[in-house]
Amino acid sequence: MIRNKKLSEDEFFKQREEVLEQWPTGKEIVDLDEAIEYHKSLPPLKNAVNKLKYAKEHNEIYAVCGAGKATMEEHIELYQYTEKEGQADLLGLSPDSMTRQNNYEGARRALDESIKTGESKLNGLPVVNHGVAAIRKMVESVNVPVLPRYGAADARLCDDTLLAGGCSYSAPDIFMDFWNQHAKVSLEKAISTHQYVCRLMGYYTEHGVPICAAAQGLYPAAIPPSLQTANLILSVMLQVEQGVKYISVKCPAHGNLVQDVASAEVRCNLLQLYLKKLGHHDVELFPNSSFSLMQYPVEVGANFAVVFMNTLVGKLIGAQINDIRTVAEAKAIPTKEDMAYTFRTAKVIQNFLQTQKINIDRKEIDMEAQMEEQEVRSILDKILELGDGDPLAGAAKAVVSGILDNPFAANRAAAGKVLGIKDCEGAIRYYDTGNLPFPKEIVEYHKGKIIEREIKRGKKIDYETLISDLLSISKGYLVQ
Amino acid sequence: MIRNKKLSEDEFFKQREEVLEQWPTGKEIVDLDEAIEYHKSLPPLKNAVNKLKYAKEHNEIYAVCGAGKATMEEHIELYQYTEKEGQADLLGLSPDSMTRQNNYEGARRALDESIKTGESKLNGLPVVNHGVAAIRKMVESVNVPVLPRYGAADARLCDDTLLAGGCSYSAPDIFMDFWNQHAKVSLEKAISTHQYVCRLMGYYTEHGVPICAAAQGLYPAAIPPSLQTANLILSVMLQVEQGVKYISVKCPAHGNLVQDVASAEVRCNLLQLYLKKLGHHDVELFPNSSFSLMQYPVEVGANFAVVFMNTLVGKLIGAQINDIRTVAEAKAIPTKEDMAYTFRTAKVIQNFLQTQKINIDRKEIDMEAQMEEQEVRSILDKILELGDGDPLAGAAKAVVSGILDNPFAANRAAAGKVLGIKDCEGAIRYYDTGNLPFPKEIVEYHKGKIIEREIKRGKKIDYETLISDLLSISKGYLVQ
Amino acid sequence: MGVDNKLMGTVVTGVIGEDVHVVGIKIIERALNDAGFKVNSIGAQVSQEEFIDAVVETNADAIFISSFSGHAAILVRSFRDKCAEAGLGDILLYIGGSLLLKEELWEEVEKKFKGLGMDRVYPPGISPTRVLEDLETDISLRRRVSK
Amino acid sequence: MGVDNKLMGTVVTGVIGEDVHVVGIKIIERALNDAGFKVNSIGAQVSQEEFIDAVVETNADAIFISSFSGHAAILVRSFRDKCAEAGLGDILLYIGGSLLLKEELWEEVEKKFKGLGMDRVYPPGISPTRVLEDLETDISLRRRVSK
């Protein structure tokens, strides 16, 4: 049965034995104490939590983006180039999609072929196949922390390998992964793998090695932020229950800065509030700016503009992490030059903006935030009610009844009723609130905004509008 | 003797005869009425003033940048590519440096060689050599207005050719050109050539073809904005006296947004104020954002960040023109791909920002603006006093006594005593006020800001600091 | 298109391999639906066999394969043959997405996938309208041929 | 450098051709000055002859030519020969700025201008410190040779 309950040390280590048997490299990381010692031997600023604390103190925003090549040689070359030419302060890590699906045998074959042909045949780094020694070599090859930044239905072995290898960050976000990373996994199964990973992070943390968990909360574009926030807060509840103390809170922008800033504020404030409500008083948050999952522009020029918006949002919400995508995002796995250019742009924009006093209209933010807060609370309070105070038990019921929903989920379990649409100014509104437990005035508020747009364009909203909203940023517009 | 006085029609046409004899192509444009008819035959939105009014009404900011190739074929290819791939709304035009120095013979030789080798051997378009028919062909080859955007000590024949060719914009800014465009020209001579060009613009305007004059007011970086503004206002006084009614007011940023926004406000407000003071009540201003003259970054990535700042400033000051430089600026004459990328980035940023409510801290802007206004008034009022109410007569005396100054002037006439330096936040302050007629509290205000920086870096300001300020943007920092 | 409510054809849609990128194909599905096609969506992470079973079941005119893993070239290998074996020799095979790991000239990519038995190949960002036009042409051609 | 107030050498500086870009060379002049060099700045828009006259007048060790027009290759043609004719065979010729109209591989640019008789060639954005180091090396070498 689904329960948000900390795994006992026994349960955890018993499960760990099975996990480490999934692939031969698992046995190299049996000794957790040795891994903890290894972390302690690294320079303090190679630890992600320390580095993020430093950023917070110094008003810095560090760019990061997914990156992964099949062979370790090529991967390290990519990292070293990005660190040097792009002046990267953090390096993100993406495992390939076979590894994410636990298809280690498939990844092995592709890795072998990559080595043979000298060309990467994978869309990310096959972490498990490489094993802990290689990961440590990678960690030692650069001066900045490496941040695994990915999702999977079952990342247990992969994250275990990454943490043992010296990484101090990962992204076990149950509702990101349940909706987006697998077509068929059950919520129960996915929750249990995520509890394991978070328990592992908590274990390190309790033994003096702080580990940061990312709450990605990423939804495909055109889903209103309150639904994203509700999901994210639930995901964090799972994380902290297992002992995670440091959360990188992704605040995905849609491009309307009033809404983006308001959402980030609501997200962080309510997160602290619900954390306290459930008894967690010592969790530190690191806001993280990025765009919602959407089509990126194919043209390089337009893509740089997206990097700029991503960074501007980071500045406006006081983020420490600027989670960008390279200018090649829409086209292919980025080359090292793509990485360097993009990091450099993000860094220089950050340098330029760092001490500036930029604001978005306060009155408008407050109005937006107030609505959004009500929406999130309606969803979460209903879920806590459904679960008798247990957020995950409630969430499981909510998925079935469509109170938690996602129209673009890869997972077939989604009700897929909720639909979003942009208003005249590019903020996302509920076109259809599906089964969300919203009071009438909220539903009407959104309807009003949509009617405004219909009047302005002199045309009913239809599915062409929805498509155009999903693609507008890639065409270089906030809303068309 | 120097006087700010409108040329009589007789004086103007007499001078024009001489001007048109400077090069054989001059005789093709003798008939001004024909040129006026030609303008009237063009689509309304090909007129720069109409297009800028449209931008103002529709909250649009159009990117523009200097561009020029030797042969007309290559030049038109550059324009068409930039219009199509870069979605340019305006196209800038740079004549080559030989043309700017009236060395038409030298330009001819280089043009011939360019045609022979098929490779541009000039750093801009040799306008006079091409002559009016070719310029009209160029104007007709694109759908957007072409904006000549350049300086020269004597641009009479070049501007006459451009206007007759269908351009409705140019940049006869006496203090931009006197300081920066020639090493040895006298102020008197430069004023007279500028009066001619402005009289020509006024003539077209009076005959129903509105022409816009750019007041560039550009100074090399690290010169405080008040001195730039004083120069620019004087330049505009020359322009409007000759009948110019539309001014594109360049507001050069240094990167500190409080200062940049404050300067733009002071510039436009005082400009209107002095215009009224001198009896001009019907002049329309179009703010134009750009960076001060400085070293651009060699790296592409950092250069995109400058494009972003340029556009952000445009948004903040309500500009219609976003005067950018391509990502190749620091390295070479831009290719068509460089142009397209850069325009596209600027355009998409503008699309993203257009309806956003972004502000810079109002209290800080007001404080900054108040100081700056005092500075500009001190300089201008002194000059009007020196000239018995005539701004140009006064300016001539001010140049000699260093009340108008420029430490990085190409012209040897500059006193070169004033020096600027950045403060901790990247705003430009007076390090040395030279002979500027400032009250003591202003001098001390600047000194205070500089001491603040010295304390912060624990080191006296020296010439290394000055260099580092001039180069900081190119290194990717506001201030180092 | 589909204005008079007549069925324009039937299409099986899905995302092949270990791939979860469903947003694009969901858009295409909506477009197909609105244009009067019957859409049999089998979702993300499906195999060649699952595609073929769905076609047999619904007697579809076309298969829309979406792929963003960068492994598309491996994933559709011998798909055409398998279709033929299942008696679907003339089924239309459309593929779209981010097909390769490296950026390559589009002409090359298209050639490669046509060589692998695909009838139509689309780059990311393709407009649904274009796809619909192609599909109508291809279906009417196919019907004419099989008559 | 120049700490004990001893004269490190004399340099003539200027911007060649129709070129007005003076900011860069003014910075270099300041750096030279602070490092203990005597600087004879002849400003913007000067010709080869004006450079040579200034050297003869001040018995300088080096000429610093700045050029941003993109025409540098034409503008310094036979400069070295003219120097020799004026009895300045061993004068150091340094050039910096934006030398060509098109971006080219720096190695190629450097080779080209060394071929045109320049001793040192610098790209835009060069640090004054680097230039000073080179100049000190070259001057002491030159003096040793001429001894």
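Order of writing sets the labels: A, B, C and D. Residues in every chain begin at 1.
Just so we're on the same page, a contact is a pair of C-beta atoms (placed from the backbone, for glycine too) under 8 Å apart; a residue touches a chain by one contact, two chains touch by 3 or more.
Predicted model only: the values in this text are computed from it and were never measured.
Minimum number of contact steps separating chain B from chain C: 2. Spacing of chain B relative to chain D, judged by their CA centroids, is 31 angstrom.
Here the CA centre of chain A is 55 Å from the CA centre of chain D. A straight line joining the Cα centres of chain A and chain B is 46 Å long.
Every pair of chains in contact is given here: A-B, A-C, B-D. By the touch criterion given at the top, residues 86, 255-258, 297, 299-302, 304-309, 340-345, 347-349, 351-352, 354-361, 364, 424-426, 476-478 of chain B touch chain A in their complex. Per the touch definition, chain A reaches chain C in the complex via residues 97-98, 100-101, 103, 106, 110, 120-123, 180-184, 220, 293, 295, 298, 328, 330-333, 407-410, 412, 463, 466-467, 470-471, 474. Per the touch definition, chain D reaches chain B in the complex via residues 15, 17-24, 26-27, 30-31, 34, 43-46, 69-71, 98, 100-103, 123-125, 128.
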